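The two complexes that follow have chain A in common; it is paired with chain B in the first and with chain C in the second.
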Partner chain A sequence: MVNLTIDDKQVTAPKSATIYEAAKINGIKIPILCHDKKLKPFGACRMCLVEVEQMKGRQIPACTTPVTDGMIIRTSTPDIIKARKMVLELLLLNHPIDCPVCDKGGDCDLQNLTYEYQVNANRFSDEKFHHEIDYSNPLIERDMNRCVLCGKCARICDEIVSFGALTFISRGIETKIGCEFEGSLNCEFCGSCVSVCPVGSLLARPFKFKARFWALTNQKSVCSYCGTGCNLTLGVKDNKVLTTVYDENQGFHNGQLCCRGRFGYQFINSDKRLTTPLVRKGGALMEASWDEALELVATRLRGAGASAAALATPRLTNEELLLFKKLMEAAGSANYDHSAGYAHAALTKGFARSFGATASPSTILDIQKSDLLLVIKTDSYETHPVIGFEINMAVKNKGAKLNILSDKRGKLSKLPDAKTFVHTPGSEIAVINSLAKAILDEKLAAGSAVSIPGYADLEKALAGFTPDAVAVQSGLSAAAIKQLASDYAKAEKALIIFPVGNAYPGHNADMASAVANLALLTGKLGTEGSGVLCMAEKNNSQGAVDMGFYATSGLQAGQIMDGCASGAIKTLFLAGENPVVSYPNRAVVTTALDKVEFLVVSDLFMTETAAMADVVLPACSFAEKEGTFTSVDRRVQHIKPAIRKVGQSRTDFEIFSTLIAKLGGQAPAAPAAVFGEIAASAPGYAGMSYAALGETGAFAPVDITPAFVVPKTVAVEPAAGKLALVIGSVLYHNGTLSQFGEGPMYVCPEGYVELSRGDAAKLNVAENDLLNVTSAAGSTKLKARISSRMPEGVLFSPYHFGAAEINRVWSGAPVTWVTVTK
Partner chain B sequence: MNPITPIINGLKITLSHLFKKPVTLQYPTERPKVAQRFRGLHALNVSHNKAKCVACYLCPTVCPAKCITVEAGEDANHDKYAARYEIDMLRCIFCGYCVEACPVDAIRMTGEFELANYRRQDFVYSKERLLEKK
Partner chain C sequence: MSEAVAQQAEEQEPEVDLSIADKVIDKYIDLPGNLMPVLQAVQDEYGYVPRKVAEHVAERLNVYPSQIYGVLTFYAQFHLKPRGRFIIRVCVGTACHVSGAPRIVETFFDKLHIGHAETTPDLRYTFEKVACLGACGMAPLAMVNDDTFGKMTVQKVDEIIAEYNQRPMK
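Moving on, here comes the complex of A and B:
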């Protein structure tokens, strides 16, 4: 701490603080334009000038000058005010005074400062700018005439997002912010630049002209796409969510969001939302009353026993999931799952046997504290983009080493000094095993490892996984494997990050155990910056696991589908799931849903699955209900309604409560009461209180009882003349919900198949050619996308799109072998 | 004071009025001339054949009766215009704040005061109706 005097006040500040920060901590406001707390100091605008006595009273920028002991600072002498006024006059010289039509009006730093400093006239005169305005993309409008050249947009895109789409171009009076070759913006559309622009240069087009900032009611909430659990603020007017509002003080991510969080909110107020219950009569879905619809469902569930089954989307709140479970228990059935059978076995089975807990022992906050990040699948950036930002910052700001093990390259591979090890699809578990083997062989294992149960078995089982043996099947060199192993083992703090999801069939319980073995062998667990972070796909996947909403004594998701097809399951209740699109093997799923006697779907939209139902119940979005979500690292966070319910829709909480009552049970009246039950029963939630969660939420602790488990590997035999198809997430989408968010759909509107340049040349395929992709399961037509990140012989396709029908081809096997023809 | 004096004073005033021209207007055959600054029904000003309003949302913001509804639209040139502009005259208190707030002189108040009507919805003045006014 240093002592200094600001405006005649004796204050203290941390040694590392700048004058601006020191003033801020002590409640003294210094105006800024180009400074942002998330970005490195820049010092371009000179708005923050202050006088420092030790510097002979010269005016220096507060945002870039570090404090020193005994500094005497004045922040608002008449000279300083004069200087700031001149800065504003000069800025306003070329700036169009567009405030009435400028969307930033009312929330503009330049406008506010002009008002505050009473710059009513300008001593100078010059021409206004005449830059062409970029309207070329539907998400971000760029009007460089209003730009004050603070550089925040270019800096955030580079320092945090690591895309680098924007930069200063030209010099002197001609300087402006532009894209490469002065073209139009074509980036990942995370909107970070829009959020930090202090003026109306960068605007969110979906919100364009919709309302003034002051007319919005802000409601804090939690993003309902992926499991990162980003906090967001919904801007509401007239019962509509019009935008997401940037709040730099929100969450661990300081208000950073990805494209889906920032621009994917439109589904909440979509005209396509279901508004009344529908009941199938004479073959068609007809509008019905809630009473009629629910009575019908209750009649089917009453005493149904094991002939009833339920699948829920892990987007429901914890409270809803618990009620859903109670409903199934009231019906006498233990057949419920949240697609864990497909997707989250890594957590429910893998971690359960290796760690004795069904959650990741590490948190997102560990990323920045680690020395080495081992990321399995570069998709971790695409599945959980804001975690990608954290990885980027750890690498760039904290010097963390980044090693990537994946079946293709991705954005993370482009980070400075990132080492990417591209293996053949399906060999990931073998490679991880060989890392463990190399660690044992090189005597890099921690001394404590021997005492963990299962050590001897593991040692024996790994004998066949020597780097040399695995090198052959994985396409990596033995040296690379050894290098990866020693990098990991020798790092003081190392964190393994891997995503799991519906479309990651290889990322199963065995992979989780293989990864756990690595951490246990090297003792990299239980300390800050070390450990394993398994990132489940949806916003409440971890919550669904914690609530026990997966098959323990009943059938798993896949078995439920089989049960429907065989007639064993007569009534199937799907809450928000859309298996027709998201589960592997579409033909099997549709046959099962066709066969099942009675299908109930509660959803926001008439999805491909809802269209097959006998009863469709209109459910509410996250913006209309209250409850809790649990993020991938077990942060339990509270959401509150931002708008009234759309149409006659009801929350799943209400739907399940009514049904439980109809079945003669008694459901708790409100989510708060259910949370009380959760706090009493769910492991790690003990002691939590609904009221105390507040805005920051609470971490559910993870207790670990480690054990070595021998992971099973499946040998993936390459099929001659065929290509390996891997399925996964793309950056802009999450599950099938984002298809109803207009923002993501502008950027990434349809499914495609991505192939390497080499394969494209061999097959004589050009970008956007329509390709027939055929596997043993079926075939579909997809547009080609050619990229340099794919290794030869490997294809990638996102699974989110109903129309793309990739799950006709993808059967759920770790690798689907396909042929491609034009 | 003499108790009769106030009565006489009053009678004097009455008497003087007997010889003055009556102020009553024979409405509707006779019509008042309203003052320039009278605050009657609103009108939207026109320039270049369209409403001057740029939909800045300042008048609905300043309106104490919250009777103005503006919805902005984006035209073919990406410019902002008032896709919807509506005043609910049943709520309006004719304070004239909207006129004062407007940065582009798009709204004014006319001398029109005959606003009686039969149905509530007839008091909702849409953009089209406000533009008709001279």
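Moving on, here comes the complex of A and C:
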């Protein structure tokens, strides 16, 4: 700490602080325009000038100048006020005065400072700029006439997002912010630039002319897309969520969001929302009363026993999932799952075997504390983009090494000094095993490893996974495998990150064990910046696991589908799950849903699955309910209603609670009460209190009981003349819900199949050509996308889209062999 | 860069041979701070920096295309459009201005049917107005590549054009 004087007040500040930060923590306000706490100091706007006595009273920028002991600073002498007024006058010289029509009115730093410094006349005059306004994309409008050249947009896009779409173009009076070759913006559309722009140069188009800023009510919430658990502020007016409001003080991510979090909120107030219960009569779904619909469901469930089954989306709250489980128990059935049967085996089975816990031992905050990140499948950026930002910052600001093990390249591969090891699809477990083998051979294992149960078996089992043997199978060189192994083992702190979800069938229990073995062998666990972070797909995937909403004694998701097809399951209750689109093998799923006697679907929308139901229950979105979500790193966070319920919709909590009562059980009245039960029973939640979660939530600790487990590897035999199809997530989408978020749909409206330039040339395929993709499971038509990131012989297709029926082709195997024709 | 943007780039520009750029990049690839030398060498090879080449450089050096564009527009030495075989520069500095530079400029515009910083479609001429060429004693001053023409008159414009129309293009 250093001592200094600011405006005659004796204050202290950390050594590393700038004058601006020192003033801020001591409650002294210095105006800023180009500064942002997330970005490196820039010092371009001169708004923050202060006088420092030691510097002979010279005016210096507070935002870039570090404090020194004994500094005497004045922040608002008449000279400084004069200087700031001058800065504003100069800015207003070219800046249009179109505040009445500017969406930023009321939330504009330039406007606010002009008001505060009473710049009501300008001594100078000059022509205003005449830059063309860029309306070329539906999400971000760019009006460079209003720009104050603070550079925040270009800096955030480079420093945090690592896309680098924007830059300073030209010089002198001509300088402006733009894209390469003056083209239109074509980027990730995360909206980070919009969020930090201090003026109305960059605007969120979906919010344009929807409301004046001050007319919005802000409600803090948690993003309901992926498991990162980003905090959100919803901007509400007239019971509609009109926008997401940037709050730099929110969450570990300081208000950073990805495209879906920032621009994907429209599903909440979509006019496609279901608003009344529907009951199938004479073959058609007809409007019905809640009472009629729920009575029908209750009748089916009463005493149904093992002939009933349930599947839930891991987007429900913890409280809802627990109630759903109770409802099934009341019906006498243990057949419930949250598609864990497909997606979360890494967590539920793999980690349970290897760590004795069903959660990741590391947190998102470990990323920036690590020396080396081993990222498995580059899609971990696309599945959890804000975690991707953390990786960007760890690499660029903290110098963390980045090694990527993947079946294709991705954005992470472009980070400085990132090393990408591209293996043949499906060989990842073998490669991870060979890393363990190399670590043993090179004597890089920690001394403590031998005492972990299962060591001898593992050592024996790894004998066949020499780098040389696995090199043949994986397409990597033995040298590359050895390098990966030694990089990992020799890093002081190393973190392994991998995504799991519906579309990552190879990322299963064995993958988790293989990964866990590496961490256990090298002792990289249980210390800051080291460990394993498994990123489950949906906003409450981890919660669903923690609530035990997966098959332990009953049938798991795939078996439930089989049960429906065989007639063993007669009643199926789906809450928010859309298996027709998201589960592998569409033909099998639709047959199963066709065959099952009674299908109940509660959802926000008439999904492909809901359309097949006998009873459809209109459910509420996250913005209409309260409860808790648990992030991938077990941060338990609170959501509260931002708007009243849409139409007659009810929360899943109310639906399950009413049904439990109808089945003669004791229905809890409120989520708070259920949370009390969770805190008493769910591992790690002990001692949490609903009220005390507050805005930052609470971490559920993970206790590890380590054991080595021999992971099974699948032999993925190449099929002559065929291409390997891997499916996964695309940056803009998450599950199938984002199809109802207009923002993501503007950027990425439909499915496609991505192939390498080489394969495209061989098959004589051009961008957007319609291709027939055929596997043993079936076939579908998809548009071609040609890219340089795909290795030859490998195809990628995202799975989110109802209309792009990739799950007709994708069988659920880690790799599906396909043929492609025009 | 997205595929759509790449396609746009292709449509707008004549075919360029990227292997020339690759040779330049190969030479500098391991040099720290290689962006400027690569862009300069690339410009020497092509006479300007074609968009496709800029994007190729971005991909190979792993820098943002926008960053390259920022550099290209910051330094006057870089050109984003094809340049003429003969670069005509007319000084519009103070001395030249008062001794009639504006008329000389206008005459070139009329005769060549191009404006400032433009190139004739046959790629023979590029015309540029420049500030003080440092030979105020000979004002008004014009230059064609490295040849200097002092005490310019409207008639001399015709002579210059007639002469350079005869010159071979390479």
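Keep this in mind: the second predicted complex is superposed on the first by the 822 of 822 C-alpha atoms of A that agree within 3 Å, B and C clash if a C-alpha of one lies under 4 Å from a C-alpha of the other, contacts with A are read in each partner's own complex, and residues count from 1 in each chain.
Please note the rule applied: a contact is a pair of C-beta atoms (placed from the backbone, for glycine too) under 8 Å apart; a residue touches a chain by one contact, two chains touch by 3 or more.
These numbers were taken from a predicted model, which means no experiment stands behind them.
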Partner chain(s) touched by A:Glu717 [first = chain B, second = chain C, both, neither]: neither
Chain touching more of chain A, residue-wise (chain B, chain C): C
Chain B versus chain C as contact partner of A:Ala215, first or second or both or neither: first
Touching partner for A:Glu792 - first (chain B), second (chain C), both, neither: neither
Partner chain in contact with A:Lys414 - chain B first, chain C second, else both or neither: second
First, second, both or neither for A:Glu695, with chain B first and chain C second: neither
Touching partner for A:Val101 - first (chain B), second (chain C), both, neither: first
Chain B versus chain C as contact partner of A:Asp291, first or second or both or neither: neither
Chain A residues touching chain C - in the complex, by the definition given at the top: 154, 158, 163-171, 178-181, 183, 186, 414, 416, 767, 785-788
Of all residues in chain C, those that touch chain A in their complex: 1-5, 7-9, 51, 54-55, 58-59, 62-70, 73-74, 80
Chain B to chain A touching residues, read off their complex: 54-58, 61, 72-74, 78-80, 103-104
Residue ranges of chain A in contact with chain B within the complex: 99-101, 105, 133, 135, 141, 208-212, 214-215
